[in-house]
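Below is one structure, written out as structure tokens; comments come after it.
Here the chain labels run A, B and C in written order, and each chain numbers its own residues starting at 1.
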Amino acid sequence: MNSISIQAPRAGVLVRRGRRRVGRGLPAALALLPTALVVLVVYVGCMLWTVRLSFTGSTLLPRYDWVGFAQYVRLFANDRFLTSAGNIVIFGILFITGCLILGFLLAVFIDQNVRGEGVLRTIFLYPYAMSFIVTGVAWQWFLNPGLGLQKLMRDTGFPGFTFDWLVNPDMAIYTIVIAGIWHGAGLTMAILLAGLRGVDSDLWKAARVDGVPAWRYYLSVVLPLLRPMVVTATVLLATGVVKLYDLVVAMTLGGPGISTEVPAKFVMDHLFERNNIGLGTAAATIMLIAVVSILAPWVYARYVREEGGRV
Amino acid sequence: MTAVSVRDVSIAFGMLRVFDGLSLDIEEGEFVVLLGPSGCGKSTLLNAIAGLLDVSAGQIWIDGRNVTWDEPKDRGIAMVFQSYALYPRMSVRENMSFGLRMARTPKAEIDRRVTQAADLLQITHLLDRRPDQLSGGQRQRVAIGRALVRDAGVFLFDEPLSNLDAKLRNELRVEIKRLHARLGKATMIYVTHDQVEAMTLADRIVVMKEQKVQQIGSPAEIYGRPSNLFVAGFIGSPQMNFVRGRLEAEGNRLAFAAGRHRLPLDAYAFSDRPEPGREVVLGVRPEHVEPGASGVWPGFTIDIVEPMGADTVVWCSDGTETIQVRTSGTRRVAPGEGLSLGLDAAQVSLFAADTGERL
Amino acid sequence: MRSRSGGSTEPQGRRPRRITAGRIGLYAFLLTAALFFLLPLWIMLVTSLKPMEEIRLGNIVALPAALTFEAWGKAWSSACTGLACDGISVGFWNSVRILVPSVILSIALGAVNGYALSLWRIRGANLLFGILLMGAFIPYQVFLYPLVRIFSAVGVYNSLSCIVIVHAIFGLPTMTLLFRNYYAGIPADLFKAARVDGGGFWTIFLRVILPMSTPMLVVATILQVTGIWNDFILGLTFAGRENLPMTVQLNNIVHSTQGERAYNVDMAATMLAALVPLAVYFVSGRWFVRGIAAGAVKG
């Protein structure tokens, strides 16, 4: 019996390491083998392969020469890429803050004992069940100036109304933000609402006895409590930002011109259509670096610091 | 002077009526405990007094004012919660002053009150900590402190000690009692399901069950003269012994009879002299049974002995009735010994078997 | 919002509820938001039920004057994707053929992984899990090209089995995490009892652990069905021309440049493509939310 011990509680039961137990652990290790292979070949191998390719002059087919940072130099002189990078920053900031603010407001308002709460929740979250392609096609149709919102407003008595963002190179990226928020705000609401429901109801009673107004209660008491949920939602939204591809393809195809290009699309285009593997993989590597630098603080906060023991 | 007056209050959740016409008057400076098992409505009543819950009929008066429609903050009350309900990520000082800051109290006044309350509760050294850096006992002190700074006339406690372990519970119980004495005129309404808290703290206890008030009285009254079987069984540990039997007439005297046991009731103070022949339940507290070689009820045998240190609880039985007897801890008894039980009619309680009401 | 005027001057009974400005604002906000969220779906629906003339002249939000299901029929069986005009039904069945094995495979792998990682001690397991977790966040673009090379070399590129394997690979992180967290919540004593009773790795999994996993299996299924059905980039890259899933077909239909755009057919095709995940969403209700929350990398 003393060969079984309970260690770190979050990991559950652990069979103590030791030579005597290797035999028992063998089936478990075998079961994990496919995953280990995938991790090794795909998650590590393909990643390194991509990074390696970014230092080559590969075009249609991979070559394994060494051109140093030449592809990166080209990349940062490439208008299309610079536009893509700028767009993803604009999209990222507006999309995340938009989803968080709208999601928080929806969650708080829905938590006020409103009628039809279930129906409202369903309405706010359903877009998240749909694909980005569907989302993009729907919004493209709704926002197209010829037959969509603009025409609707003009027909209903605002002849001067103009909303041509979808075909305006300066504004087109914002239509993608709108469609993105439409798709993702419900998710943020659902996460924050789950957090709100976990808040001790005595706190609101205490606040009422203290004469704290509702808005102040939510800002000073609830919001700090929801920080873990806000972080989770932000991380989730942020990974969506980096992966942004389908929505652009369905809505604008990167246009008008190159005004709504994004990095993921840049990579896909260069890898599979423009036959420029070197440049494509360089852009992919930049995406990788961006994700890791966004993720690192979160991973640090979540795992390293927490496991360092809390006060 | 009446500090809190609940007048004919009904409370309903949707179609479900919780209280129907409940009234209760609480004097200024009084410590009243609402006691009952969970779900008896004691917290509901407290929340209604606080204004956290709307009444559907009736009025609530606090300090001579009809506050039925007033917001909680305008009622002159302060409240302490079971889960402490401290505002997270605010320091103790901020926690205590949040309400005052909301009310735009001058800063000097806020400081004065916070310092005073912190002094009184000996939490001055914790003022700059945050709730998650405090132990359970410290948190509840802070919660009490937050109530104190409100300078309220009425303090409401909603099971404040239930989340604490036994030792801390005892400490804080004494602390609350001391606080009440120190504050002098402060009225306290305290909800608990713990009879020890109720007995030790209360000037008056309101025993509740299933949304009904069962008995209102001083701890001594509640303990000594429980008004029905529920109160009798709910208060007291070990529990009161109950023996079913009937009233019999001996001439013009009444006696209790159960099987071959009899107890003349000359010394019993009936509220209403009942008819002989009535089915009754006799209740007697374990410490009011005198075990010995001679007694009115012979023929018992000791079953189990539970030594508790200061005293010993002896379970004895005559085959039909099992009676718990509390004796001195120094007395040596052993299972199997024969015993006679001595009872004093002045110290027993009699309840009607059908209604459970005290006779 | 009941309001009852107090007849007597003395406050008594229920506090009169005034309809406050705040309450009005709250409902106004919620209703506006509901409108914002519903409008695209509404427009899609009514557009798909209108003939083209009405769309060109009429109001985009108006109900169809001449209700017709013609566009739905066209979208299903004869819409053009640029290459062929077989409608989106081809994509629908492709998606089904991709979906079923992918969902089963990825959940099976995730459950076994989660079990092995949470209840058994294996050297290097934490490292494995750590990398897997990071993999969940890294954009596909980082892996795609080498993966294509590997699959070409093995000779399965552009096939049904290729896209199924790819879905299983990219489903690993979330599925493993989901089951690992769930199994970590199982009382340790239960697992110990099973060990003492002499259960081996697979016996314990199949007889003890799996029967307890129904909630997570449901959540995982919801997550994977919507996720895989809605996938675009993997299907586009790995499925091959014969097996393109519905999302890719839809995109091709919408962006095919032949002739005038038939918006009603486009919208009908879009509705068709959204049907399966919407059905999953409406049927599963709270489970769906639970699924996202669980998939939201809580580990």
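Observations on the structure shown:
The criterion applied here is as follows: a residue touches a chain if its C-beta (ideal position, glycine included) is under 8 Å from a C-beta of that chain, and two chains touch if they have at least 3 such contacts.
The model shown is predicted, which means the values in this text are computed figures rather than measured ones.
A centroid comparison over C-alpha atoms places B as the chain most distant from subunit C. Across the two interfaces under comparison, A-C and B-C, the one joined by more C-beta contacts turns out to be A-C. Note: centroid distance subunit B to subunit C, computed from Cα atoms, is 55 Å.
Mean C-alpha position of subunit A lies 15 Å from that of subunit C.
Residues 54-59, 66-70 of subunit B are the ones that touch subunit C when the two sit in their complex.
Looking at the complex, you find that subunit A touches subunit C at residues 4, 6, 10-17, 25, 27-29, 31-32, 34-36, 38-39, 41-47, 49-50, 53, 62, 102, 105-106, 109-110, 112, 114, 120, 122-135, 137-142, 147-149, 151-152, 155-156, 182, 186-187, 190-191, 194, 214, 232-233, 235-236, 239, 242-243, 245-246, 249-250, 253, 263-264, 267-268, 271-272, 277, 280-281, 283-285, 287-288, 291-292, 295, 299.
The residues of subunit A lying in touch with subunit B in their complex are 200, 202-203, 205-213, 216, 220-221, 224-225, 311. Those residues of subunit B that touch subunit A in the shared complex are 47, 50-52, 71-74, 77-79, 81-90, 98-99, 102-103, 132-133, 146, 150, 158. By the touch criterion given at the top, residues 22, 26-27, 29-30, 33-34, 36-41, 43-44, 47, 55-56, 59-61, 109, 112-113, 115-125, 128, 131-132, 134-147, 149-150, 169, 172, 176, 183-184, 186, 188, 191-192, 195, 200-202, 226, 229-233, 237, 247, 250-251, 254-255, 263, 266-267, 270, 273-274, 277-278, 280-282, 285, 288-289, 292-293, 296-298 of subunit C touch subunit A in their complex.
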